[in-house]
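Let me begin by handing over the structure; questions about it come next.
For reference, chains read A, B, C and D in written order, and residue numbers begin at 1 within each chain.
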Amino acid sequence: MSTITTTQHSSYLDALDRVITETIAPQAIEVDQAGSYPRAALEALGKAGLLGLISAKEVGGLGEAHRAATLVIEAIGKQCASTAMVVCMHYAGTAVIEAYGPREVREAIARGQHVTTLAFSESSSRSHFWAATSAATPLDGKIRLDAKKSWITGAGQADSYVWSSRPVLTEGLSTIWLVPSDAPGLRVVAPFNGLGLRGNASSPVIAEGVIVSEEAMLGEDGKGFDVMMGIVLPYFQLMNAALSVGLMEMATTRSAAHVSATKLEHLGQSIADLPTVRAYLARMRIKTDMARTLLLDTIAALESGREDAMLRVLEIKAAAGESSTEVADLAMRVCGGAAFRKEVGVERNFRDARASTVMAPTTDALYDFIGKAVCGMPLFG
Amino acid sequence: MSTITTTQHSSYLDALDRVITETIAPQAIEVDQAGSYPRAALEALGKAGLLGLISAKEVGGLGEAHRAATLVIEAIGKQCASTAMVVCMHYAGTAVIEAYGPREVREAIARGQHVTTLAFSESSSRSHFWAATSAATPLDGKIRLDAKKSWITGAGQADSYVWSSRPVLTEGLSTIWLVPSDAPGLRVVAPFNGLGLRGNASSPVIAEGVIVSEEAMLGEDGKGFDVMMGIVLPYFQLMNAALSVGLMEMATTRSAAHVSATKLEHLGQSIADLPTVRAYLARMRIKTDMARTLLLDTIAALESGREDAMLRVLEIKAAAGESSTEVADLAMRVCGGAAFRKEVGVERNFRDARASTVMAPTTDALYDFIGKAVCGMPLFG
Amino acid sequence: MSTITTTQHSSYLDALDRVITETIAPQAIEVDQAGSYPRAALEALGKAGLLGLISAKEVGGLGEAHRAATLVIEAIGKQCASTAMVVCMHYAGTAVIEAYGPREVREAIARGQHVTTLAFSESSSRSHFWAATSAATPLDGKIRLDAKKSWITGAGQADSYVWSSRPVLTEGLSTIWLVPSDAPGLRVVAPFNGLGLRGNASSPVIAEGVIVSEEAMLGEDGKGFDVMMGIVLPYFQLMNAALSVGLMEMATTRSAAHVSATKLEHLGQSIADLPTVRAYLARMRIKTDMARTLLLDTIAALESGREDAMLRVLEIKAAAGESSTEVADLAMRVCGGAAFRKEVGVERNFRDARASTVMAPTTDALYDFIGKAVCGMPLFG
Amino acid sequence: MSTITTTQHSSYLDALDRVITETIAPQAIEVDQAGSYPRAALEALGKAGLLGLISAKEVGGLGEAHRAATLVIEAIGKQCASTAMVVCMHYAGTAVIEAYGPREVREAIARGQHVTTLAFSESSSRSHFWAATSAATPLDGKIRLDAKKSWITGAGQADSYVWSSRPVLTEGLSTIWLVPSDAPGLRVVAPFNGLGLRGNASSPVIAEGVIVSEEAMLGEDGKGFDVMMGIVLPYFQLMNAALSVGLMEMATTRSAAHVSATKLEHLGQSIADLPTVRAYLARMRIKTDMARTLLLDTIAALESGREDAMLRVLEIKAAAGESSTEVADLAMRVCGGAAFRKEVGVERNFRDARASTVMAPTTDALYDFIGKAVCGMPLFG
């Protein structure tokens, strides 16, 4: 049940289809079960030019923006949410590097030879990712970074981290850095063993005396908050929501197929003949479609500079994330024991869907921002 | 918090604004409290040309269609849901008359001098409006109608009823008729005293030996089901959903205003300073925006003939109706005792919102249709 | 479907049955529709000795306590929630008067010739009833009271108010007074026109220069908070929950009866033949029974001095109140248009049920207290 | 926060405490992570006399019944839901063997040297466990069993199966048998790899030409349905619900401990200082307590032969199962990323809790039975 075809034919989606069919889909089960980082997928995406999707054409990229990133993540997310999340973080980091990073890294990304990721959240401030507490200290004309990062996607696997710290010299909530993932002093603490998104190599990272040059600063000292809110947030919220929408679509489609195919032999019926089951499927279909139309409207709001664009950006991750846990929950219910034993495929959707609401900004944090916006209160402070 | 401005400037919306400001809004409280039919509003809409909104230009109408009808009902619904429902039923009936009715009635509608309404549901088949059980009997070259209609909006107030009965001579679920509301043998049974939509004059109507000519038939004998599904359903579902969306928007806006303005003097705070209240408001905002984006997408699906258009039409009333009861429920919670005592205005939203889910096709009936569609089963039979 | 018969035969319940059958039930519709105070019911209860239910035997009362008050309110609440709330407030006030009030008032209550009520909530502190902001000023050896009370059940109808103010001379959150309802300077501001509990004569009351003697103080100056929490809260929470449980029981029973009796003639079925409807009824039955068993357990916890008694007291109004709105919502859904048109009787349950969650302490305030208790935090401050 | 201590001191609970402390709790993580059958726990329970908990004293058992079985499963379930489910199935099977089985097996169970389990559900009838479709064929004075059992707890691990088939010679829905798990022709199809209850060795079992004697029949031919409903259902429903209640209690307790201990250093607060988090905890506490009081009331209803006992038995698994998934969902939300990374312990509760609703009779099947009971319809047919 293809829900929407508002997008015109796009060559990047054709290229993506091939990578999904040839690489991502075949490896999806292995990535989830073994919790292995989807390296082959990233290489294939790189060769297809898709790691440079939002890189400027002047550095060799495809020059796309929010809409393309959203549709790509949705499509990957239908087949492998772990891979989708790794790519989501790469695009989120790339957006910052495109604005402030060195040309050689931008070109490497566009060529498909550099994968980056975000490194914002810290143990001490939990999900309040905007509140950096880690240190950036001047040292012999360079900068020394020390931190306990709590949750980095692609930890030890990406080529670079887009990193937050307290400002070096100024006031402000944070400063952003580009840190090579092989810099001495960086240590990935523990392998990831999470409920869902098991292939995204998410792990705490410790930095002890990591030395970077002053040029590693992305944007101005103390202006990290503006980078997070102005550049990262719209991309991340849209892509995270797109992952949720992709998951919902799969959970709904798989559930409908399962109940249509499964027989209650003693009654001469299929499970789809039960009205209560059909009602659950209808709720799933509606929730999925509501989330997707809000997502597309959020893209439109951003693209046209609508005055409610920022409110929509805040809304979309909460809306899609909550909807996806509801839909996945119904999928588990509708598919019953078969789902529980992992036969239908919705069990993975169920586990992966929870990740969206756990990742910062969490649903509850977003509700607070949205509530403040609705009441005309300042979002921070 | 104006949510969307995707619509271009439309002259009918300007005309509507004036009618709302001058007539509908000032009478809204009276219509609800006294349960009085909004006759002045209908006259003003007629004079402004808006009763002919979807009438063809060739009979003097504005020649608009689904989008315009939806936006008009949403706008009226924000101020007076009872008036909006009366107009909704007029447009739903007009769509049938435009297709099959006599030119003089079409012209009267376009001139603003004829209000019509639907008369489908019957006591014996409850909310299954598509199953007519009432009689249409040949009698001396004419047709005799006998029925117990259970729930007609504008009963005894509209100029005509778009009426369903069993077929006269053929197979089929029903046949549709245009019946003047002053035809001998028609009797409005009881005044309406409902929880919400108190001004829509909804009442049972008894027909005993009502005589109409054969020309009163709208469409072919036995083809009523096709008329209901092909013409009425898309209009009604969209407009009913638009009413729900308008209600939600008001409930959300009023709640935000109330909690921002109301002080807890002993704490030196407003209610909006409570994080739990902000979280409720955020949920209201998100649910409202999801319903509205699905509504706009449904219009787009219909206009472009998208293959999922019929599925969207089935979804939208269930989606918007359920969302509006959830949002109105949160509004009552957020506004507390003040809402309960009717001070904030959301108490009327709360009562009116329930009507959407009660009106056929009910949410549960729609869930069943949608579930069948999702599972590839036939919708009827 | 009688749910529980754990209670032994109690003579007060027999007496109550007669009053309900002869007076309360016959007047229930009038009390709701006209919003009239249930004076006849109070007189009948007085004559039957039931206004003195929790008055000590030594002043002529029945000497009962929490369990009896709970069961009486539940039974009345099934037939007329407005009457039940008036009696609930009388018992809550009586508990304070029994502890600290003058013997003649205690005897008058026991004789059935004095009805009292609570007057705690104030405009300035909204639902935070424990934060009195109104004045009690020494004046010529007497006390002058000035206040804007926001929501008094039985305003202008009860014989006395159990009244809160700021302390006269000491620290503390409040002081409690017994104020005759005919004291000069008291003014009932407006008639009540609420969504539900329409017969409880709930209204704002203004006090300007009301003079009471020092003996009118109930308990010590500044110790009002202890009276509210130690005496009033357990009674009020239990009785308010009992009202919710009674409402739920009626909504469930009436809904089951309606769907069993109502036919879909074209299908040769009753509405109860629809599996989705049965599932809603099952949810209603379960929610009702869960609330009632928690209520009975809360009484047992109080009676035996269990260490979790106070936690249960906090829980029970939130649990029963939320459950009753959910059950009443399902009742409206299951009974559809018939409910909406007030034919089934559940529409009144639906309106009355909302009152429980609106009355202080609100569900959200209770959630905060319970959350603090669960986390080992102090409840206040 | 120990919720209830209505039970008197029971020696079996003391013995259980030791087994839990010494064996079950230390192995809980291993059982879940490796998906290993809790053999050591069963041996320890056997030595402590607890496998014979509901065996009659005349065969050496403890002579307890529903209440004891419920409390034992709740206590085990708090530490290891997989172990609890294995023991639950053992007691459910034991109840049938006690009624109809051979003395030597009853004595072996009482001595702790025989573990049994249920083998009802079949591939062809899915969760409708009462509809046996497998064959029992007379063969040379013996009985040949052939079946595709879809979901047997302790498959290949228990010593015997309490097995359902179609009747041999009579009408009726089923006949019950006692089948040794090492009987030739029995084959465990696949290892279990489920989302939760990972240590309960749940697996499909194929029977091809399994030969049992006529004495293996438990009860009369064709009377299996009566055994299932009269003996098995009350035990299973109570114990399954007890497992859900134990899970909820742990999820609530662990969540409260986590948010109280976890700091937001940049704010100088703990997570418990957030009002929205406290509100979630309050909901968890209330849902847990409502489910537990309904459970205790169901035991009381059974013990006293109350007329609503069967309705309560139907309700309790649905009530506790649904509540436990809601509570576990809130626990995941409240504990955020820490829960997702399995640090808090609630992630296992979240996975295990889903199993209750998946196991037959499912929540939706129970809703249908309850709905029929509420409407006075026959439960089957």
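Here, a residue touches a chain if its C-beta (ideal position, glycine included) is under 8 Å from a C-beta of that chain, and two chains touch if they have at least 3 such contacts.
Here the structure is a predicted model, which is why all the values come from computation and not from measurement.
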Practice prompt. Check A-C, B-C or A-B against C-D and flag the pair whose interface repeats it, over half of the contact pairs matching by residue number.
Written response: A-B
Discussion item. When contacts are scored as defined above, which chain pair ends up with more C-beta pairs, A-B or B-D?
Written reply: A-B
Discussion item. Counting only Cα atoms for the centres, state how far subunit A is from subunit B in Å.
Written reply: 41
Fill in: Centre distance in Å when subunit B and subunit D are each reduced to the mean of their C-alpha atoms
50
Practice prompt. Specify, in ascending order, the residues of subunit A that touch 2 or more different other chains.
Written response: 275-277, 279, 364, 367-368
Worksheet item: Contact residues on subunit C for subunit A in the complex?
Response: 274-276, 279
Response to the item:
In their shared complex, subunit D is touched by residues of subunit C numbered 1-6, 252, 256, 259-260, 272, 275, 277-286, 289-291, 293-294, 296-297, 300, 306, 308, 311-312, 315, 318-319, 364, 366-372, 374-377
Fill in: Residues of subunit D touching subunit A in the complex
124-128, 131, 133, 150-151, 192-196, 262-267, 271, 276-277, 325, 329, 332-333, 336-337, 339-342, 347, 350-351, 354-355, 357-360, 362-364, 367-368
